Structure formats: C-alpha cells, structure tokens
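One chain, chain A, appears in both complexes that follow, with chain B as partner in the first and chain C in the second.
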Partner chain A sequence: MLTQFKFPLRALVLGAALSTVCGAALAAGSDGDKLAEMQRKLDQSIQMIEALSARVRELEAHQAPAKQAGAAPATPAGVERLDSVEQRVQQMEAANANRHADDSSLPIHGFADVGAGNYNPLNKELKGANVGNLDFYLAPKLGDRTLSLFELNFEVSPDGTVGVDLERAQVGYQFNDQATLWVGRFHTPFGYINTALHHGGWISTSLRRPKFVQFEDHGGILPIHTVGAWLTGAVRSGDGKVLYDLYAGNGQEIIGGVLDMRNAGNSHGNPMVGGRLGYRFGGKLDGLTLGLHGFVDKVADDFEPTDYTRVKMVGAYAVYDTDQWEHIAEFYAFNDEDLSGGTGSHRSEAGFVQLGYRASWGIPYLRYERASLQQSDAYFAALTSLNSGASYYRNALGLRFELDAKTALKFELANTHTTDRAPDQYNEAQVQYAIRF
Partner chain B sequence: MDPVARSLPALAALMALLAALAPGVAVASGAPGGARLADLPQHWRDDDGRELALAHLAGQRVILTMAYASCHKLCPVTIASLRQMQRALDARGEQAQIIVVGYDPANDDPSVWHQYRSSRHLNRANWHFLTGSAHDTEQLARALGFDFWKYDEHVMHGSRVLVFDAHGVSQSALGPETPDWTAAL
Partner chain C sequence: MRSASELSRRTTSVRRRLSALVTLLALAAAAGSASAGDLFVICNPGVTLQAGDVKDVFLGDKAFAGAVKLSPADNAAAQATFLEKVLKLDAGKYSGIWTKKSFRDGANPPPVKGTDAEMVAYVKQTPGACGYVGSTPAAGVTVIAKF
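On to the complex of A and B.
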C-alpha cells in the first residue's frame, strides 16, 4: 500500500535524477552556447519539477481525508494519477540511465608494476627496488565493425633508463564473428602467451615471461611484434573452436644487437609471413588448447657487409586453462638459412613448460625453460644486446597472490645457467606488485 | 554577470544535495539503489537459445551478476558465492531467479554457456546464463554499475552481484567488501 511518505520521496528522486543531468551539463562546458543550452534545460527541468510537485500535492490532498476517515484505499482517480507520476519518474530515470549508456568517451585503462630483486644479471652492480611498466591501453570505438587498439608502454630497461614504446597500434575491420583483419603493429601470433599475455604484468600468473620469449629489447629472440596485416578468427567446430591466424609484415632487422620490427618499413623489402592454427576443446576437455605455429622471415643485421638470414620457425603449443589449473607449454624449432655468408643451414630450438595450480589462497607455479641456439647461426650471433642470443636453461618457482580484484603480489625464485658465449649461472629472488586500472 | 550564471553555483549545490539524498540518482551513477529490471535491455537468450526478457522475471526475487566463460580468476569465486546464496535460499525454503549475463557475447554464445553450466553442474532451472548483443550488454553493465573492459581475449572486471526484490527493483549490491552475501537475501 502506498503511503504519503512515498510521494515526497518520489519527488526527491526525480529532483535528484534531474540534478545529475544538470550537474553533468554544468561541468561540460563554459562557452555561451553551452550556457544557453544549460539554461534552457534547467528551465525545462524546473518546470517539470514544479508540475510534478503540484500533482503530488494534489494527490496528497486527495489522500488526507481518506486517511482521516480510517485509512481507506486511495480513490481510483488518485491511483491513476499516482501511476502517472510513477511512470514519469521511471521514464526520467530510464532516460538518465540511457544518457550514461550513450557515453562515447574514451576510457583509459592499463597496467603497472613495481618490484624488487636481489640480482640483475645484465647490470650486476644493480640490485634492490625497480620500476617495471606503466602500460596504457586504449581501444576507441569507431563503429560496429571498425576496431582500433593502441597500447602505449612506459618501461624501464635493465640499465634503469625509461623508454616509451607504442607497443601496439592496430586498426581492424571485423567481417563477421569468424574473421577480423588488423593492420598496423600487433603482437605476432605464435605460441600462446605472446597474444594472450602481453605487456600487462598483472594479467599473467608468472612474474615474468620465459627469457627467450621476452620482448625484443628485453632479451628476446623472437619477433614479438610485427608491422603488417593480420587475419584472425575462430570457427566453431564440434564442441570446440578452430582458431586461426595468418599474417604478413615487414621482415625484421637486427639493429644494435636487438631485433627490430621495422615500424616504417625495412631496407631489403622482404616480408615476414606466418600463421597459427589451433583447436580449443570444449566438453570434457574444456580448457585445453592445442596448436601449431610457424613463420618465415628474412632478417638483415647492421653489420658491414650486411648478413641476411632466412629464419624459419615451426613449433607447437599447448594450454590447459581451467578453474583449477593453468599449464602452458610452447616449443620452437628453427632451421635458419644463411643467405649471404654461405654457411648453410643451422638448427636451434627453444621451449618452456609452466605448470600452475589455482588454489584458493594463491597460484603457485613452476617453470622450466631452455634455449639451445647455434652460435654459428648469423641470426642468433647478431642478437648481442642483453646476451639474448646465448643458449641457456632456467628453473623457476613462483607464487601469485590476489590482494583484490585489481592487485596481485608475485614472487619468483629462479636459477639460470648460460651454456655458451660466456657460461655463467646465477640465482634470482624477485617480488612484483602488479595492478590494473 | 548574467543572473542565470550567478545562480548556477547555488543551483548546482542544491542539486548536489538532492543527489546525495536521493537513492534514485544512484542508478544513473552505476550504483544499484532503485534500478529496475524493466528499465534494462530486454533481449537476451539463455543457454538453451530461448528468448528471455528480464521484465518477465518480476514477481520473483532476482540475483544478477555478470561473468565470462573463460575467466578463471574472479568469475569462479563469484559463481561459488552464488552457489552459497542458493544453499541459503534452499535452507530457508525461499526461491529466486539467478541470472548470469555474459560480458563477452562475441566469444560466449549460448552453446558456450551451456557447456559451462554442464561442466560445473549448475543445472538448476532457476539459473539462467544470458547472452545479448554487445550494445545491450554494455548498456546493462553501465546501468547496473558493472565496470568492465576487454583486453584481447580477456575481460577486465570486478566481482559484483545485485539482488532485486519481487517488484524488480534492486535492493542491494554485493562485492568483495561484503562480508556475508547471504545476509543480503
């Protein structure tokens, strides 16, 4: 049963809803046109409030005698008017909610992390606290089918210098649910983690990537980014989905010992092409994904004379990701052909296995990673920055705690052996505080 | 100075006061108080592919959350809390409709949710896993204060549950800060 108390409450609600509309309008601008528009809206709102207040007073007046006479039910006319008022209030609230739903502004999201460690293998005199990444993720909406994605990363390199990188800048067109074409700079689709777990430290269970899959300027040996075109999609098949990726982009170059994706085009004009094909199981094998990947890339270095290597990689990956387990394995086999030095072909391989268990209190994980890289291969020999082209193996044990929905605390102990160039071994203890926002 | 412009600060202050006092405003700002199922987008499909309009649930208590099927961080925790609420309802001999709206309709179609239910033994008839258009999904999320964004194949989101009364009006919002979700029933 409706009470007198409800009428002023409704009016208050209405007034508040209007206040939100007007408050936002007040903040929106300060020029003359906007002021005039705000004035008009305020006038309309005040008139509406006054009209509704008058109706409420009228209805209250109708109900008062009835209550005095023994709280008899409201008259049919009163109920009708009350319904009308309620309807108006609901319409106002719905309109106000829709105003927010139509908000087309660009929210800024991203990730950041800070940490500390006992050992910096690349700058042995450095230890202690460190700043990781500040990663801004922008995905402005352009239309129903036109997509865009930009990722701007402020990162601190192992020597402490701060760099800014436009990690991704891609514009796409979605033909349908099964096919999207991206053009620009994107994460090269090989393996699992390179497209699923990228710059945001928070998003990955482990504190860091396997060393050989690190970003190009952080000691990685793979073309983590490609500048070109990428066709991707998923097609339902049986209980699961077939996942496919095809891409072509600028052939990479090694500059200053670092693999470079050539944002503005390469000097030899040869492309890199590759693909990935996987199957994500459903039903009883839900959570399991198996796939194959490969690419061919003509890579030049900056030596004089320039060395050209045709880098051919094929491999496989497997993921088992459920509410309880997160297991990831990736394998890469290289068969690189020396195009300028006449040393023939060179075979190398790299891979890792990471096993994680999602306990209620956290996620412990184990990782083993190994890279056996032929030093007679001009490609790996030229990757000198951060000793990235050296062979190694590493055992790591880590733990991730969720402090809340947006914050994770991670620990990792690792033992690394470098097995060629300058053989070495070192132990690391690291902590990372990673957030998303 | 224009008299209208002079009066604007006072009017803004008054309205801010009203906004602070009136629960209805919380709907627009994403808070739950007073949100109505009838005002939300209505075109949804359940995991059997059947049409379901939220307004048709009026007359029953409704517990609503959002999730995505490949989430292994927060969604399993939220679903576990819904199970707890279901057990509490059963113990009291009470009923409610439990609604899980998909954040990611591009990947989570009804068949995906059907598998999700089946693999997690969420077979109660009063549980509904809904898929809608991307636009409707965003609109519902905004109206009910579910903040989310997509990062590649992931959906960044929080843990949130709304409880609607039998009139389809939201009564409470539950989150990680809520000590006992069953107390809201």
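On to the complex of A and C.
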C-alpha cells in the first residue's frame, strides 16, 4: 500500500517546492537580495524533499518483511507453534470422547428434608417445625468389579440434637450379575423398604416410614443396619428374576433403650444371620415382587445382669410398583427365646400395608400399620427409647406432589393408638419438603 | 521446511476443528435434544448382547455380558429418542431411577457423550462399552439393535 503512494508523494513534494520557488522568482524579478532569498528557500525545499525521501525508504524497508511473509518459507518457531496447537486439539478431542469415563472425579449426591407438624413426626412430646436429614452418599468407582458405597447422614434426633451417623460404609466385589459380596455396614436386607427406601425423605413416597421400621434411634424395633458381610444377586428365571440376599454380622445389643448394630463388634461374640428370597415378576405382572425374609440374632441388653434374647424373625413382603401404582406390604413374625431369664418363648408380630396411586397431579397414599409386641419379651421390654417396644396401630393418609424432578412436597394425616405400656392415642398433621441433589 | 500454503491449510483445519469441538461441547451441555429417525444401539465388538437386554443394561440391572463388564454411556444428542423409543421413560423419571439405583446399590449412572461421533469413538476404544447413535454408525462397532 505504501508503494502505491510512493511516486505520488514524491511528485507532490517536488511540485510544491517548484511552485514555491517559481512563485518567488516571478515576484522577485532581477533583484539580488530577492534572488538570494529564492536560493535559500530552494535549498530548504531540497532538504525537505531529501528528508521525505529518506522517510519513504525507511517505511518501505519496514514493510518489506511483512510483504514477503506470504511467499517465504515459514520459520521453525511458527511450525512448532502450529504443531503444538494441533496436538492440543487432538488431546481435547480424545478427552471429550472419554469424558466421564475416567474415575478421577467423585460426584456427591444426597437428600435433605424439612417439615412441620402439630407433633414432631418421631416424637410426640415435641411440636412445630423440624429439620429432618441432610444425607450424603458417595459411590466411588474403584474398578470394574469393585464397588463402594458410603453414606453420611446429618440428622436431627427425636430430642432435637444434631448428630452425624456413618449410615453405610460398605465395600463390595461384583462377581457377576448373580453375585455381589459386600462387607462393612449396610442396610439389613429384610422386607422391601429397608433396602429400597432408606434415608432421604425424597426417595420414599410417604412422608415417613412405618413406626416399627423406623431407624434404631428413631423408635424402630428391627436391626435396620448390620455390620458384617452380605451376598446379594439376581438370577433370571422365566420372565422375571429370583432375588436373593444372605448376610451375617455382629449380633445387636440394646443400649440405653436403643437397638445398636455394634459397629466395632459386640460383647458376646455371637453373630446375626439372615436372608431374603424374592421373585420379581416380568411380562404381564411386571412390577410385582413377592418374597420371604428372616433372621436370627442373639441380642444382649445393658441391664445388670444382662438379658440375652434369641430374636427369631420370619416374614413376607409384597410390592407392586408400576407407573400407576405403588403398593407395599410387609409382615414380620417374632418368636423370641429368653436365654437368660427362663421365661421361655414369646410371639409377637408387626406389619403394614401401604397403597399408593401415581396420578398425574400427585401420589395419594393410605397406610395401615400395626405392631403387637409381647411386653414379657425381654427384647421388646428393653426397647424403651421413644416407647419403641410398645404395641400400637396407626392409620395414615398422605399426599405427595412432585414440584419438579428433584423436589417433593408431602402431607400426611395420621391417627396413632398405643395399646399397651401407657395406652394413648393422638392425631397428627405433618408436612414435609424433601429434595434430592 | 513447510510452505506457507501448507501452514495456511493447517491453520484453517485447526480452526475448523476447534469450532466443531466447541459446537460439540455446547450440544453436550444441551442434553435432551432429540433427533428424529432411526436409533442404533451399538457396543464394543467384544460385547455379545441381545436386543432384549438393552433396557436392563441402561437401567443398571445388567452389568455383565458373559465375563465382560459393561460400560453403558448415554448420548445427549439422541437421548430423548432413546428414552422414548427404548426405555419408555421421560428424562426426569430416568434420572430418578438412577438416583435410587445409585443410592441402593452403589452403581453409577452412565456417563453422557455429546454426539454420535463421540459415542462411536467411546464405544470403539472402551472394552464393554455400549451406547446409541442417531445415524448409521461407522465401522468398528457392533450394532446390537435398531429402533
């Protein structure tokens, strides 16, 4: 571009200088002084022309490399830089194809819930608003066949104190689809809801679990958690699958009126063993699961002298879970043997039926639950926290709304009758706001 | 020494690939975009699987094909079609199922790829990998089913 202006610029400067000189000469005539003045101005013009010419050459010299760049071979530095960029692009493409395939990140998921009611949902001695759980779980992938699951729960206990529980700490090995072995602390596989619908209000349709299946420190009567080993799997059979669970762990102890799973081992060394066997139907009965369950557990309490009870439970469960229905029923029969007091065997039973309908606008549900527990049984007699070992029945009517895919709003009305120890009855109205993340 | 025209060509190529990459990433982020037409379920050539197993694989109920550990992946570009045609679920319910599955069994939901090209590359290079694409897949993968 500068080249295009080179000659016009020189001509312009030269023309301007000549016109100045000529103009001056015409005006000066033959006068000597004026001639000298003209000579001086001509010298100045020539100097100006030379200076401008020099500047033009200087600019042309600077422009030359840029002009020649299009035709000259690339420099080694430029080639290296382009190689580097190409390599980076390839790496980005490969990394994008493998996105999420690596195991370097560990997503944290969880549940949380808050609520309010005329009574605390776990403790009828308290009323008003309540904070439920903040439950985190991690499932780090350790290898193709190695599984792990850790669940940390910040929960408000029925007396209002905040505690932290390592609800689950289990490491497993997946042999195949038919067998996975877990070791650690896990949800004891009985019934349906204890493994399918555990901590985390959002995960359950209902606002709360049946009272007798509540967690150990929330008024439950069952060993909700076990510390030991658990073999589980599913074997295809016909249209459906046979589901099985076998487990063994530390025998439980009752401490301070609460059943404890003995995270660090128990004092008497006896194990708890149990199993669950079910069949999940396929085809026209898809969604239906029927099963049996049971365990044997030697349980000690913290009385002086210590009572030992062999708790033997057998039962059954049924689930019908489809796009339209969610029905759950569980039954537990106890035949507990007094090992230290000589009172013999004691039979008790507990169960619930919950019926739910998945409408487009929400899920209404009904539940009836009942526990008929022998108070002469040292096991139930020792479960004093929140009056958990008392017999009772409860009718509940609830409604769940899905505010979005991760948020549920639940309401429940319930009527509870305690039928032994200190007979009582009370009505409840509860609301819960539950989320997952 | 390479010529300027070659450098110019390569620069243009790099720019185009970067642009495509950015587009792919944007598409991956915008999960749920559907593509009409056929859907192909593909697996790594080392995987032997029946069409009837596809639902179990993507819902986490089947983790092995023989001795091979399966690694299913979702494809954001075709996920809506896949959920509708194969799993008969919407995205919210699919996500909820995996939340429960992960919470109960310690299983992790399938990773998400952004495009058919990414999916094919992943399935080709990952033993046990399975996925789905909305266009006829290139060689190097096994087509398990066409929907």
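Please note the rule applied: the second predicted complex is superposed on the first by the 331 of 437 C-alpha atoms of A that agree within 3 Å, B and C clash if a C-alpha of one lies under 4 Å from a C-alpha of the other, contacts with A are read in each partner's own complex, and residues count from 1 in each chain.
Definition applied: a residue touches a chain if its C-beta (ideal position, glycine included) is under 8 Å from a C-beta of that chain, and two chains touch if they have at least 3 such contacts.
This one's a predicted model, so the numbers in the text were calculated from it and none came from an experiment.
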| item | value |
| --- | --- |
| Partner chain in contact with A:D177 - chain B first, chain C second, else both or neither | both |
| First (chain B), second (chain C), both or neither touched by A:D321 | first |
| Contacts of A:R358 with chain B and chain C, given as first, second, both or neither | first |
| First (chain B), second (chain C), both or neither touched by A:H198 | both |
| First (chain B), second (chain C), both or neither touched by A:L292 | neither |
| Partner chain in contact with A:L366 - chain B first, chain C second, else both or neither | neither |
| Partner chain(s) touched by A:V431 [first = chain B, second = chain C, both, neither] | neither |
| Which superposed partner A:L147 touches (first chain B, second chain C, both, neither) | second |
| Chain B versus chain C as contact partner of A:A405, first or second or both or neither | both |
| On chain A, the residue positions that both chain B and chain C contact, one per complex | 89, 93, 96-101, 109, 137, 139, 177, 195-196, 198, 200, 203, 234, 404-405, 436 |
| Contact footprint of chain A on chain B as seen in their complex | 2, 4-5, 8, 11-12, 14-16, 18-19, 21-25, 27-30, 34-36, 38-39, 70, 72-74, 76, 106-107, 111-112, 115, 119, 138-139, 142-143, 149-154, 156-159, 176 |
| Footprint of chain B on chain A - complex, ascending | 12-20, 22-23, 26, 35, 38-39, 42, 89-90, 93-94, 96-101, 103, 107, 109, 137, 139, 177, 195-196, 198, 200, 203, 234, 236, 239, 282-284, 286, 321-323, 326, 358, 402, 404-406, 436 |
| Contact set on chain C toward chain A in their complex | 1-4, 7, 10-11, 14, 17-18, 21, 24-25, 28, 61-64, 67, 69, 71, 73, 91-92, 95-96, 99-100, 102-108, 111-114, 118, 121-122, 125-126, 128 |
| Residues of chain A defined as touching chain C within the complex | 69-74, 76, 78-79, 82, 85-86, 89, 92-93, 96-101, 109, 137, 139, 141, 144-145, 147-149, 151, 170, 172, 174, 176-177, 195-196, 198, 200, 203, 234, 404-405, 436 |
